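Quick heads-up: structures coming right below.
Each of the next two complexes has chain A plus one other chain: chain B in the first, chain C in the second.
Up next is the complex of A and B:
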């Protein structure tokens, strides 16, 4: 039973923006895997919706730009991302992360844009996009603007997106992925159909001899109210021999994170996971890059 | 032989193709929709309710509140009714309640033209409450000065039991003296289980209407005849005024061995002129407002002699009953009994049990009926005793398991057959126990492996604690096939298939010639109390055998009329044959003749009741191999083998499937499932299938089901219980495997990651938190 007041099927991005301007209470629905759950729970009962579900021509697809940037249409589903040849070749860690969301049905319906626009810290694509320093391209009545993902999250469920704006592109600049290998660990209570208790995404650029972690990027979901990087850990281990980096990164990350105790998991438990999983994620990332660890 | 064949389920094609009709498939549309208003406090009273705005909403047909319902308290558990007042179930529920006993209490209902209107109307109802402190644990409810949740039980103790077996050694006066005797190893332990839910696929939906002055209810239930009785009791009307129909159901596991919303729905239709009312409940309501498995805590003590003989034990169990009695004390009574029976004490046993009202959603029957709880306690205890005093855990069990011929001192249930020792041996070999225990002996490092095991015993049906009765009817068709009518129910377990096989076996025809009438309609179905207690293949099986043999005799005596010269008539390959094996007449021709004969026309039928006054024990064990990732608190079940003695198997393939399902439930019980509550408000925090962590297919190892087939002399076909048992030994087997891997004994369920990290930290395996 879904108590939906009205739904408007947008015909273009411009049309969707017009519809949002016309209805200050309207919500955007794309894949529907979050919005419909909230409606069913009664939280959004009677809401009006602007659907962008059919705008795949404008908002879907994953391409490699001439300058080498990877451009992801926000209406691409988790499955689209996972099976994209571009993602598989250039940023396999992102496809691995989107393959861990929910189950097969959810991954066929839920979109990567929705995953980052709902502002949820546990979103499976979010920590990897954060580690990749993705750039969010937003369009509104006044035109387009770019928001680095480090500026995107404004609080629990809040992102830098006005009511009449839509996310139209997620860009991963070439220099942010090239030369890096990455690994995402979703720690949850079961191996599918779950939300992360902690998400850890680690990218590493190794030295030519594969012995040194030249640059390390470490990002978390659920280690704080929004997806976050761990600058202290990154600074502490970048430049270290890989084995040492793996050993030290977990402890170094503890100072950056701020998980809370909830009925789902205690702060102490999440800190234990932060410490343990950071090293494991770096180890796997380095292994994928050819390090003998 | 029809019994013992692994034939496909008789309902398989309909179910996998979507043709099978479940309750909601049968509901007429349009239909009035009912929705229930649930309280937003856990303990208190509804002082007043303003329904004017809800009533005024267009599309609302009727708003009914806790101030409108009949002043009748009724019982809800799916027990056979007792004609002795002292044994009747506790009648402590009303259709809607002014007294709020749980968070989400049913306090009003809206009937509307559609679901959304009904839902919107609920939100327009204003409620004023008087609020009391929330009590989620028995200790809170039993504390001095605690508010009585039911006025009939001022101390919130629904029932207390104290059972002492006769002392078999005259040097002692009581069990406590044995427990304190320094010549024995002395053991004390505390174990506790959590509240979990069945998570059947189909939520309990029903629809009800009136016709010819009677109330008709179609519902997803395990117990249609009991539903009819309870509707009559709840509404204060004659039971014959009610017709209950049970179609195919999407699982029950005991939750639908309870009369849930059928009485309310039956009453609602009477309040809207008999129009058809559909009452669907969401998954969230199913979690909050239907039954679950009792959390039970156990304080145990044991005295064991130097050879590992169990001399005496005591067990105090406290069962959290939540806001309503439901099955009440029967469950913890079963738990303390099961605790005692598996390893009979040589000198004596003392058990005490309390069932305590609290403000939790009321638990009731759930697969195993108290035995999964006590089995966790007893099998942890055995493992801990073995470890503490240096016994081999398997040898310790073998030395003490229930022997053949055991007779329970209280209820007289007798061990007519046992293959438990063989089950243990079979499992031990199948998993490679001895090699693995040796291999995993001295592990270090963050990831370690272990193997563990647990045994169980389980009675078959409820005799002599309750009535066991079952009826069957067989009706001949013109083509020589038969219809089989039962009151016993198919609830997904494969009942219809094995009933058909048993009928075929008794009559002497192929199972393909038995057409089972799957749906029970209380107007026409023979009486049977339904699917619970792993009783139907045993109790209903006896009725089928009895009626089947009578039906067979009728076929043969009609044949004898047609062939007066023939001798030693029998039925073989769809023919009546004589003693020389000569085919005299096909069953089809015989049947057609019987229907249309100008000399002697008769519709050959047989019908009867078997009042079962027997019981027997089923047995089995579980072996689990696990890998424990210590820093992450994660347990991966690598392999799991259940070995069962359920007597003769009626359908080995279905039996294995039953075991697989039970093992799966056991894995969730062991590792992840746990109903969590906000201690301040009493609200259930994870009442949905995202937050309540049922394992997915990705969380399962390959499951192996093995059997030791004894031939039970009391069973209709040598068979014993199998429905519930597979779920029982899994949790302690996993717990014991984790203990063997890590040396850390976790004494409460579930072994969730956070708990394990805490326990491993306490145990020194994780150093830095």
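Up next is the complex of A and C:
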């Protein structure tokens, strides 16, 4: 038995928003793979919950919009994202990243929306969504607003989401993924059921002859309190021949990151990972794009 | 504050009073007597409580029973072939000596039901990944992988699907 004070099962997004307005202390529960574990640990004893678990009709599903944007319902599970034909065709790197969270049963329950709404830096989808400059569509009593993911994270466990708002869509604009190939590296102690010591997601758009890294996007998880981009590394290597870009990207990223020491790894080790894995992620992303590296 | 849960459990319609705070693992074990569903870590890490909900393997310890309304649930108690014997998958576990203390076995069997039911063939590495949501402290996993691989290959001969 979970130590839950009350649980309200929302029947629609509008109903969930009303329920959140009515109870200033209520928490949203979606897949349950974070919230229930926190309750089990005693951290949220007696909490009141608004469940959106059954709103799959409104909040689940991955589609390609007419303008070419990829639209992801936040209640889509990690597994939904990984096996989505749209993701596999348009943004395979995102499906590869969601395929590294937890284990199979967790990926069938945990949602991509929960992964970005909990504001956790190690979230496996977060660094790739950050590299893709995803747009978060949020709905509240006053209607919808859009938040670029660069402004989404406000601090550890905090995102730009008011108490009575719900994330209703994650949009990857066409120009942010088209022509890019990407690669995500999760560095962890185990190959499954582990949390990233460091996560690196790199996207690259190659020149027509596959020799130059025209545009590079580089994002990290656990390299700071929230998922982050490395503007310095992106500026330093975009436009370089791909081999040179791979060589230089790691060192160039070091100035932008701010990892800490935790029981998982020291700051020094994480810096080493940033330097080493950035190049590896770019190499693999470029290889997927057809570069001979 | 009881609620009535209507769902299908092991191919039978079920109507059971539940507390909205309880996990599906609690309901299955304590209200329906399905004790193949083991409670190990209770935080979704060990996989001992794995059941199928609408054909998908999930950890029932981190799944609220209220979410199971109208859904179809399968546990090891619901597995048997026509004459009441073990299924070929269960037999493969026996024959490959994939069971030692047995605590993780029902959960792994349920993941394997989904894997085998896909009708696809998998490499050893793919199978390793597909059962990576289960912890076994006895076997070292090799015999479990042998059993799952055997069941996958045998089933594929009858109902195999071509690679997508």
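In the analysis below, the second predicted complex is superposed on the first by the 292 of 293 C-alpha atoms of A that agree within 3 Å, B and C clash if a C-alpha of one lies under 4 Å from a C-alpha of the other, contacts with A are read in each partner's own complex, and residues count from 1 in each chain.
Just so we're on the same page, a contact is a pair of C-beta atoms (placed from the backbone, for glycine too) under 8 Å apart; a residue touches a chain by one contact, two chains touch by 3 or more.
Since the structure is predicted, the reported quantities are computational estimates derived from the model, not experimental observations.
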**Message:** Quick check on the superposed pair: does A:9 touch chain B, chain C, both, or neither? Answer first, second, both or neither.
**Reply:** second
Practice item. Return first, second, both or neither, reflecting whether A:178 touches chain B, chain C, both chains, or no partner chain. Key: neither
Exercise for the section: Figure out whether A:1 sits in contact with chain B (first) or chain C (second), or with both, or with neither. Expected result: both
Contact-wise, after the overlay, does A:42 reach chain B, chain C, both or neither (first, second, both, neither)? first
First (chain B), second (chain C), both or neither: which does A:106 touch?
second
Report task. Quick one: classify A:51 as touching chain B (first), chain C (second), both or neither. Result -> second
Requested in this report: Report for A:272: first if it touches chain B alone, second if chain C alone, otherwise both or neither.
Outcome: first
One more residue to check, A:192. First (chain B), second (chain C), both or neither?
both
Residues on chain A touched by both chain B and chain C 1, 3, 103, 191-193
Chain A partner, complex, touching residues on chain C are 19-23, 26, 42-45, 47, 50, 56-59, 62-64, 66-67, 69, 111, 129-135
Listed in rising order, chain A residues that touch chain C in their complex are 1-4, 7, 9, 32-33, 36-37, 40-41, 51, 53-54, 79, 102-106, 108-109, 191-193
Within their complex, chain B touches chain A through residues 115-116, 119-120, 123, 631-633, 672, 676, 678, 685-686, 689-691, 693-699, 752-754, 757-758, 766, 768-769
Note: in the complex, chain A contacts chain B through residues 1, 3, 42, 45-46, 103, 187, 189-195, 197, 263-266, 268-269, 271-273, 275-277
